[in-house]
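The following pair of complexes shares a single chain, subunit A, combined with subunit B in the former and subunit C in the latter.
So, the complex of A and B:
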């Protein structure tokens, strides 16, 4: 069977997109993921394609059940994203999003570390244009910060890969496990892209600054490639269980106090990835299946939520919860899709999040991690609160902001509808998804205890929200950038926390201030020497140049004589 | 005919230079320079083929047998360099006509081509000669013509830059010739092979060490090794665009070659690297260049000067390879010598096109021109990615070998510094990409339109080469690896 490497189709397609315009360009854009998926389907299981590059044999395509699922997922995400962005006339965005998707495919099919690294870097370079293309001062700065961190991840990966190759003598990208310097470096490189705690700031910094359509692509690929890489190289690494638990927990606090709704979604993206990382860390067949299927579902429902918010941004130009509200009259369809997405991410029974998230949680219990199970349970309640309720509520209901706009463009609605259908289908009939998972599935999502636990969790969360709302603890208006929810949250959870908070903040501030002073000084020093008027950048006097030459000669002679 | 190729490589551009000076017409002089430049890669390509098939070529100039006569000697290292210089010359000449006509007063144009051809002859001569004093002569030919070319820049600061380069270049050349003189007094010979043989008998003594010191410093000056790089940024920033592109790609590379020759082939690895801390000194200075110059580049407002500082940093990578001094490291240094020449020439040619269209290379003036000159600035993006070392471009290959070399030496911290320094280039290249593509159009940019084809096609050829040599490395890394073998083995 003659099949192309999946990314080739995307790269060729991107080249075609770059030189065509109008209807033809749209047709090509739509054809790329379809042809790609057909090509992938035609490839036999276990296919490998090998290419020779300098001294190495590179495996640019390695097809097994794990990579295949991610392959299909990325084609699906591309198709949805392309439909959603069909109205965009910006060539830069279209070309870079296709290259970006192609790089993601290249990375998941990479069978060796060098190929992986190449696509890893390409992911960074191609995706930054989706942020820069918003063409605002903020997005420029966020884009550059994003690029530097992503490239840093790449160079750490390269360093780690080099050491690994040197130690093992093999370039194959397989199970690595945390055993030495090389594996730690690779682990950190994956961790940056995966938004591990303390390495996550690029995500919440840059994703909300991307274009409305760009964020949809961004949310689908980068972190999922990292999840795939972790699942390939570090399954069953216990540390990941705790990292995943932390990832699922900490973004909730930030998401609740955040006003920019797309930033809320960015935090909830980290939260969902936390479930996957946790599943990979547990490492049993059930947990890996859960992580992978959750990745699949997350791409679809998180994409759906980002699409609805993108549609709102597209029509109103606003993204802050305090400025929006009451849009359900103007955008009824978008509202509906948003609710489907919210129900899926909150893991309502019959929606897609339910069938995959519970697998990870059950695995956590089975493997004896009750505390992690509680953390994940808490995270599930939290995600329902900030993504399930907050997003649709503040955007489409709450107080009437007085904004009257048109319903989202037709192509956006179509893309959202497609994603919504998949959410419901996977939730109600999960067996198609289960049949594609890397390990055999012996898991029934719809047992009485699962449904009951989840329903109780959701209903009591909803009840809490309603009660807070009615009791007036949830403030009716949300002015300012960092809204008052933060205050009510502290008031509600515990007064102890509120009393401790100033102390914590003071300590945090003194450390932070010292850091900042130190950094300031560091950069002032750098600028003093390297800036346009610094000693290193000035035009020197000819005499001092000559003197330096003499000094260097004297040094050489001295060193030679001494060491001879 | 084939047996006379080494002589033709030098004689043709020398004759061409005389012809240009006699013709005194801009377009005719360009025609001569073009034909000569196009002939060069044919000659060097044929020679390299010979060398790879049947070993080094030795040519006795004027029929005087070495070591008494001057020997021209082509092996894998020098053949590779000859090919590089002549290819760059051949690509730049079609580009030069419009750019030179726009940047240089009409009556000076023939003189520019005269100087260019003299410089070409000098650089090729350094690469091909097997005689130390002859190398000095060619070094002076290329340097003197370079000073004249730089001084032709339309910015008045070009004069000061040229003057400073003249002083520094002369000091460097004096050191070099003083070192050669000491060698001659100790061995009684000037022929590379002969000197190497006799040095083995003489052993190391103080005059030999002094010679080594003088030659190292002299060459460090010519190749702009930190902290002796200070002549370079102004010289590159204010020279005519064509001269900058040509010199950035070739002049410093030739100095690196000469340094390699002396350190490895003549003094021999046993003297230089095994007993003296040269490797450590080089690595230190190279790191200072990689970080210091890159940070300076980040703050530059003049993009041409920024790229000049980036050159200093990139020369740091090349010297790093010399400092690592094992097979892979040296291969990395030599490959980077080739790859950097290609990508930096491409970048300077893009800037030349920008000067041609909008008359400025200030970063503010470049705002938004990506949409007016999409192909040209697209070329900048690709060549810039190669400077950063993105996989799939030539820059990645060289850094890869350097990293492997550092590993084999057990210096894994160096690998980390190597990749960290690439991050700095992300910043300065990224800044230009962001400004040219995503900022609103500047006032100067309004008169911009796509570059004329005669300038665009040569630029695109080099850009295509950066991608090609990032994927197929049999030519570059293959030959560089052979050259590294040859250097490490010495001449004996």
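So, the complex of A and C:
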């Protein structure tokens, strides 16, 4: 039988969603991921689909164990997200979430850099509507900042890809490794989407501003596509070990003092991606398996946690820890699902995090990174502290906020139940997940030592929370904003421009003229170095046109943003 | 509102106490198991008695104390960015 490229089903589905309504639209939404998964299942291992575009042979589908696992994961995440959002009557959100999921599939099955770039940008453009759909002033601004940074990542990827293609003569998207300018540009582009330290703030800025259902989709795709891309192009790159360690560590400090509970989860998302990045950096079979299986589990348990918080936001209209509390009385089911998600992210035995996170940690020790291992251990205790305890405690327990609301809608409960079942299933019976991993698995998660040490770590972390709380040392939930890297572009740059404004428009113009001259010189230099000869030169010019367009777009967005 | 003010499980402070005591018990038990079970270790630090217990407790206390100090430096009003 013939099978379709996975993203095609989603894009056609999105078109159908756009023109239907009511029950029919819900049925189509549910059908998309199911038909998609069936189509994927029917595809033979090693399938490639090639399409000719101008002089290029684009590999729009490359099926191997790595891409297949992410493929299934994204179908599953779409199904859960669609069920969760069934009550939503907003066509824009429904269409964009399906295009967004389809773009994620397009990106992980892309066999060449041009296809990857196309889906990379489509991910940005389609997902921003899930933020804008909140329809508040805050979400509009956060959405624009998100779009600028995501488009910038695409621009950098395109620049790096064009130089890489020019140098190697191949458009294939395979192992790249950090070797020169092109590889660094691609690395940084991946790093932006992956939320590397200092490049991370778009995530904690935008995700908490999205709609209750939109955040569930957002948390599943963008960062995991980046994790996939890193696993494909930079496995065993030592720098990633340290970047991953830093990513696992620093967000937990912000998470402890953050008041917006969905922002706490956004920080903890970066913390979990840190484990994956670290695993990719270590690069052994165990570490890569750990990174990939943790990505799988993280999509489900982080999605579950975002779903429980989305349900709270949906019912109460509030998301700050300082305003919530005691909701277990009104939302017992949501509370239970939140605890399952919390146990999974904290890696309690029998819950999903337990069988994946430890692979990365064992690999770190095996490959001689004891300091990184300690950092990851610290992050493991920390994640229990802020995601495992803080989230359920301040939303559902703590003091009684007096809020009495209805339990979450049935479709939300069903989606949460599905995610919770997967969390427990993967945690208790990890062998199905293990059988899908890219490398053969020789790891046994359920040894007495592992169960005991992990339990000790978590019990005593809980004890610390308990003691700090009873002794009155634990910082109370307070409304406020915590300054992060975003300060540099939300305050510093704006204030510089504000100071420039009185100097008149001429000053602005001279600055922009200088930039343009500088860019012109930059491209002249590139032409001089790489030469206008050979068959690739033609495509380079087309590419540079595309790049100029992208830069103009990015500049336009920047000017738009700064002038508001 | 939907429901009458019926008593819920943690409205009774004794139940909160019970949860805390249960935590003390499992902490104590897991520490004692360190004496009985010969753990597999990949690194010498791990071999110390109660390593994971002490590490978990200390890590969380350090985390919270540092985060509290951070608040003094980085916390601003809700409308800091003007939106």
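Heads up, the rule we're going with is that the second predicted complex is superposed on the first by the 473 of 564 C-alpha atoms of A that agree within 3 Å, B and C clash if a C-alpha of one lies under 4 Å from a C-alpha of the other, contacts with A are read in each partner's own complex, and residues count from 1 in each chain.
Definition applied: a contact is a pair of C-beta atoms (placed from the backbone, for glycine too) under 8 Å apart; a residue touches a chain by one contact, two chains touch by 3 or more.
Please read all numbers here as calculations on a predicted model, not as lab measurements.
A.B. asks: Using the touch definition from the top, say if A:148 reaches subunit B (first), subunit C (second), both or neither.
C.D. replies: In the superposed model, A:148 contacts subunit B only, not subunit C.
A.B. asks: May I ask you to decide whether A:422 touches subunit B, subunit C, both, or neither, giving the answer as first, second, both or neither?
C.D. replies: neither
A.B. asks: Mind working out whether A:447 is in touch with subunit B, subunit C, both or neither, as first, second, both or neither?
C.D. replies: Once the two structures are laid over each other on A, A:447 reaches subunit C alone.
A.B. asks: Using the touch definition from the top, say if A:288 reaches subunit B (first), subunit C (second), both or neither.
C.D. replies: neither
A.B. asks: After lining up the shared chain so the two structures overlap, which partner does A:307 touch, if you call subunit B first and subunit C second: first, second, both or neither?
C.D. replies: Touch partners of A:307: none, neither subunit B nor subunit C.
A.B. asks: Return first, second, both or neither, reflecting whether A:266 touches subunit B, subunit C, both chains, or no partner chain.
C.D. replies: In the superposed model, A:266 contacts neither subunit B nor subunit C.
A.B. asks: Between subunit B (first) and subunit C (second), which, if any, makes contact with A:365: first, second, both or neither?
C.D. replies: After superposing on A, A:365 lies in contact with subunit C but is clear of subunit B.
A.B. asks: Could you pull out which residues of subunit A sit against subunit B in one structure and against subunit C in the other?
C.D. replies: Shared contact residues on subunit A: none.
A.B. asks: How about subunit B: which of its residues touch subunit A in the complex?
C.D. replies: These residues of subunit B touch subunit A: 160, 163-164, 167-168, 171-172, 175, 204, 206, 209-210, 212-214, 216-217, 220-221, 227-228, 230-231, 233-234, 275-277, 281, 292-293, 295-296, 298-301, 309, 385, 388, 390-392, 397, 400, 403-404, 407-408, 412, 415-416, 419-420, 422-423, 426-427, 430-431, 434, 437-438, 471, 473, 477.
A.B. asks: For the complex, give me every residue of subunit C touching subunit A.
C.D. replies: 1-3, 8, 10, 20, 23-24, 26-27, 30-31, 33-34, 37, 39-43, 45-46, 50-61, 63-68, 70-71, 74-78, 80-81, 83
A.B. asks: If you look only at subunit A, which of its residues touch subunit B in the complex?
C.D. replies: Those in contact with subunit B are residues 53-54, 92, 114, 117-118, 121-122, 125, 132-133, 135, 140, 143-144, 147-148, 151-152, 155-156, 158-159, 162-163, 166, 181, 526-527, 530-532, 534, 536-537, 539-540, 542, 545-546, 548-549, 552-553, 556-557, 559-561, 563-564.
A.B. asks: Sort out for me which residues of subunit A touch subunit C in the complex.
C.D. replies: By the definition above, subunit A touches subunit C via 137-138, 141, 252-254, 256-257, 328-330, 362, 365-366, 370, 373-374, 377-378, 381-382, 385, 397, 404-406, 447-449, 452-468, 470, 473-475, 478-484, 490-491.
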